[in-house]
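Note that chain A is present in both complexes that follow, paired respectively with chain B and with chain C.
This part shows the complex of A and B:
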């Protein structure tokens, strides 16, 4: 298992190199440059600006220069949008915010989704299917901007229980974490339910039942180990996208996170910032997928990683 | 040639299993009803003198009434008429976008699975890497090059969603590759292409069709997200996503124009939930483990 993890991590630099190159060339092939939307500058000034960012050089020279900076000291260069800000600085400011919010959203999603999935698998009749259908309705069938706006309107403005926008205190985390976590919770509930129905029909569950093991113990100790596996595979990639921020939730709740950079860097043709975002997201995704594979192997003794 | 060989048992058996899923049946009925309303509805409203694009400033933000059954928007346009027109576009985008993604992903994944070995591993590594690329880049790139038309939107949404179908198709083909009927065909001298056309397409299609019903909602939601950013359907065209985004933007703590949010959101929710139920029902009906 250790060898598997080491081998996968050894491949990470290669993968990062590919993603970095793809992102760099994709933005650079977009029509329009980073300064085209500015007020028109005198040609001499414009020339100096382009020189300062090395935009006057051929694209492959820019690429090599950029690659050197990243390889030498992980410097993702200056943002071409935010004057005097480095991409590293922008990410260092926004990533912790997104991570904190994402972690809260994930915790909410798992704590809400998993029990609903388990119980609705254990008792197919009753109030629970209704609850899980409601969760699916909100989580899968509504755009996130509708859910977030309605939460904001209800709990922020009408009931005035929670702050409307901003960031800083624990109370600020609640609403955005719910908005961000609900769709994840809905998928987790569905996957856990399917996985649990499958696990409960397997031989080991029948044997445990015949041995007189308590039903709740079978459910949580024996079946859940196997039944949660589909949700674990889903949570790898889902965690990566939740932890690196969501444009919609950040915009509605005015949170200074990383999600906005993903969208705005493309719109502003800010190649260094987009590459920084893409690489950050990819590294988180890679680590989360590895983590999810390891959890798989840890929970299911039949899985061997090679 | 003998009758087709299905790994899922007969299609009839699968269909009868599908009919026994209550939620899936309900979903299918709702979908057919909604689609029919969106197709026929505008013509009927037209007879009553209500059109989606008629601007009537006197009816600005009119709540649901006798004249405007579901209310009117900022320009006094009838919400029901706009919902019906938006439904046509949202459903079309969902179905076409999902079909593009499935055709592309299905072909790619099947090719990788059939090729096997090193080619297979390389092709699937590419998919793994593309998963890591921010999809926004692809959408904006296509929009920048091909212009912002509805057709480009189909294409972009298809290109964003093709990775998961590729994985599914590859997994299925890899499962079938060593099965007797494929080995027999190969021993008789069939080429990869012939094996794919004659034996694998039939086995692959049911799985991909089930996945289609689950991809359509994803595409519709993604279009809604793009409309929220202003990158989706462009006015005067209208989609459910755009209507919901407009409704949310008209939402203020002072005045709540609830109908502008409620009805588009309800239309979306009803459609997407039904599609999900149909998709799950199809998947369960086609599950080889449940084959009697």
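This part shows the complex of A and C:
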């Protein structure tokens, strides 16, 4: 298993190189440049600014220069949108925020979704399966901005329990974490339910029941290890996207996370920031997928990683 | 294991990102993030709002024109060409170092120096030698700004500029701390490093979150609030929510959608603003090269309906290109910027088009732009029988399209740099990069040139007005409406004054008990 992890991680730099190159060239195919505004810059200024960011050089030279910076000190260069700010600084500011919010959202999603999934599989008739299906439908069908607006209305304006926007105290985390976590919770509940129904119908569960093992022990100790596997596979990539921020949720709650950079770097044609975002997202995705594979192997004795 | 790790991550993450200092005494909400703290480069509205808390120029904007800033008074020579500013005694930068007239002179020289490549260098045009310096023809030393003694700054102009005191209030005219720029050329704008001379200094800045400003102990008077926060909140409704729930004291722009519902509230300030919304017309395309077609389009616009039903924030229908708010300037009255469908049809008939009029409206993606375009689509097709198509583009693509004249008519707006008609009219000089219509009139250019050289104010105003008449009657613009500034200010805050440029000085605001 260790060899598997090391081999996968060794491949990471190659994959990062591919992603970085793709992002670098794709953003340059967009019409318009970082310094195009309603009010034109005087030509002399335009020229100086382009020189300062090396945009006057041929693209391959810019590419080599950029690769050198990244390879030598993981330096993603200066942002073209924010004067005097480096991409590394911007990401260092925003990534912890998105991580904190994403972690809270994931915790909410797992703590809500998994028990609903398990219980609704354990009692196939009754209110719980209905609740599970409803949660799954609502969570998947309602876009996060609708959920966010409803939460704001209820907890921010009617009950006045929680702040409507901003970042800084634990109270600020609650509403955005729910808005961000609800769709994930819905999918987790559905996947856990399906996985558990499957696991409970297998031989080992029947044997355990015949042996007189307590039902709750069968459920959580034996069946859940297998039943949660579909959800674990899903949570790898889902965690990556939740942890690196959501543009919509961050915008509604005015959260200084990374989600805004993903979209705004494209709108501002801020190539260095866009590449930095793409690479960061990719690394998190890669690591989360690896993590999810390892958890898989740890939970299911039938899986051998090579 | 998974949950344990997650809980750990959650704890660390929350701890790392939630750490924030004590609550601010005053919280302002801006819609956009500041781009730069370098006064030589700032062009954005948000940048200016924060800069007015960090710096103080020779003069500061007041509700009735410029007021003393670091200069306690100024004299103008009889010919209007020499301005002598007398600085206050004991001025200091926020690091405690002294600030004298030579610092101001050097700061100005820095902006016009072509090495600096300042966005705002052209605002110095009119000062003797400024244009030649910034275009690299003569050395920086020939700029007509000298400091004969530490408290006197003498500025020599090429022609009398009535709006010069207004210009001096703008950010590029602020004194900057050249020593710190020289020692940290790449990060002198960072919180903790930025040296300024205004009522506040920058303590921290997290992009897309907040700028925390604290009182500058070296400022000549004690600022009323110890700490102020500027939040940058991209979503207009979120910004409004923050204000509505008491988390902000000043909202520097109110979302359009809520204005009709809160119009009567005393904390809502809607004021005329020196900005105009208009459509550019591409005169390099047929049939828009024919002024009669352009007049027909203008006469077929029901601007009253536009501001009443579409924009709805109290905007005024445009009757000219320059808003009627510039002191000492009367925009021309013309028979073409009004709603007259019959004359519109007559103009169009005169043009004898071989095929029915076909217009494509280009606009940058935004709700208000789309709604205005829809209204005009309806009006032009009803009044002129035109076939009108809409094309929306993402912002940067739209800028490209207008720059390369790839459009029929394009939605545009212009906000004055300083309260002067030339700040609007210069846009349509034949060689101005902002023109973007293909239109060029030698008479128009000559009138603007003459106005920039004439010494008599009334005559200058007349020349500018004559130029604007040409622009409206023959030119490439369809003025739509004059903008308004919208501010929400908590009733407990006093000292908020209206201003046609929407400039407000945060240290003039106070909280009543």
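By our rule, the second predicted complex is superposed on the first by the 305 of 306 C-alpha atoms of A that agree within 3 Å, B and C clash if a C-alpha of one lies under 4 Å from a C-alpha of the other, contacts with A are read in each partner's own complex, and residues count from 1 in each chain.
As a convention for this text, a contact is a pair of C-beta atoms (placed from the backbone, for glycine too) under 8 Å apart; a residue touches a chain by one contact, two chains touch by 3 or more.
All of these numbers come straight from a predicted model, not from anything done at the bench.
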**Message:** Based on the shared chain A superposition, would you classify chain B and chain C as clashing or fitting together?
**Reply:** fit
**Request:** Kindly classify A:267 by the partners it touches after superposition: chain B alone (first), chain C alone (second), both, or neither?
**Result:** both
**Message:** Looking at A:157 after the superposition, I want to know if it touches chain B, chain C, both of them or none. Which is it: first, second, both, neither?
**Reply:** both
**Item:** Residues of chain A touched, compared between chain B and chain C (which is higher)
**Value:** C
**Message:** Which partner chains sit in contact with A:69 here, chain B, chain C, both or neither? Use first/second/both/neither.
**Reply:** neither
**Prompt:** Which partner does A:142 contact after superposing on A: first (chain B), second (chain C), both, neither?
**Reply:** first
**Prompt:** Does the superposition put A:42 against chain B (first), chain C (second), both, or neither?
**Reply:** second
**Message:** Let me test your reading of the model: by the given contact rule, A:30 touches which partner, first (chain B), second (chain C), both or neither?
**Reply:** both
**Touched partner set for A:96, first chain B, second chain C, both or neither** = second
**Request:** Could you say whether A:285 touches chain B, chain C, both of them, or neither, answering first, second, both or neither?
**Result:** first
**Asked** Should A:18 be classified as contacting the first partner (chain B), the second (chain C), both, or neither?
**Response** first
**Asked** In the overlay of the two complexes, what angle sits at the CA centre of chain A between those of chain B and chain C, given in steps of 10 degrees?
**Response** 90
**Request:** Enter the shortest inter-chain Cα distance between chain B and chain C once the structures share a common frame, rounded to whole Å.
**Result:** 6
**Request:** Starting from the residues of chain A touching chain B, keep only those that also touch chain C in the other complex, and list them.
**Result:** 30-32, 157, 267
**Fill in**
chain A residues touching chain B in their complex are 15, 18-19, 22-23, 26-27, 29-32, 136-137, 140-146, 149-150, 153, 157-158, 237, 247-248, 262-263, 266-267, 274, 277-278, 281-282, 285-286
**Prompt:** For the complex, which residues does chain C have touching chain A?
**Reply:** 1-3, 6-7, 9-10, 13-14, 16-18, 20, 33, 35-38, 41, 43, 114, 117-119, 121-122, 134-136, 186-190, 206-210, 231, 233-235, 237-239, 241-242, 244-245, 247, 394-397, 399-400, 403, 412-413, 433-434
**Request:** Report the residues of chain A in contact with chain C in the complex, numbered from low to high.
**Result:** 30-33, 36-45, 47-49, 52, 81-85, 90, 93-94, 96-97, 99-101, 103-104, 106-107, 110, 152, 156-157, 160, 163-170, 172-173, 251-254, 256-257, 260, 267-269, 295, 298
**Request:** Name, in rising order, each residue of chain B that touches chain A in their complex.
**Result:** 128-129, 131-134, 136-138, 140-141, 144-145, 217, 221, 224-225, 228-229, 241, 244-245, 248, 251, 253, 256, 261, 265, 268-273, 276
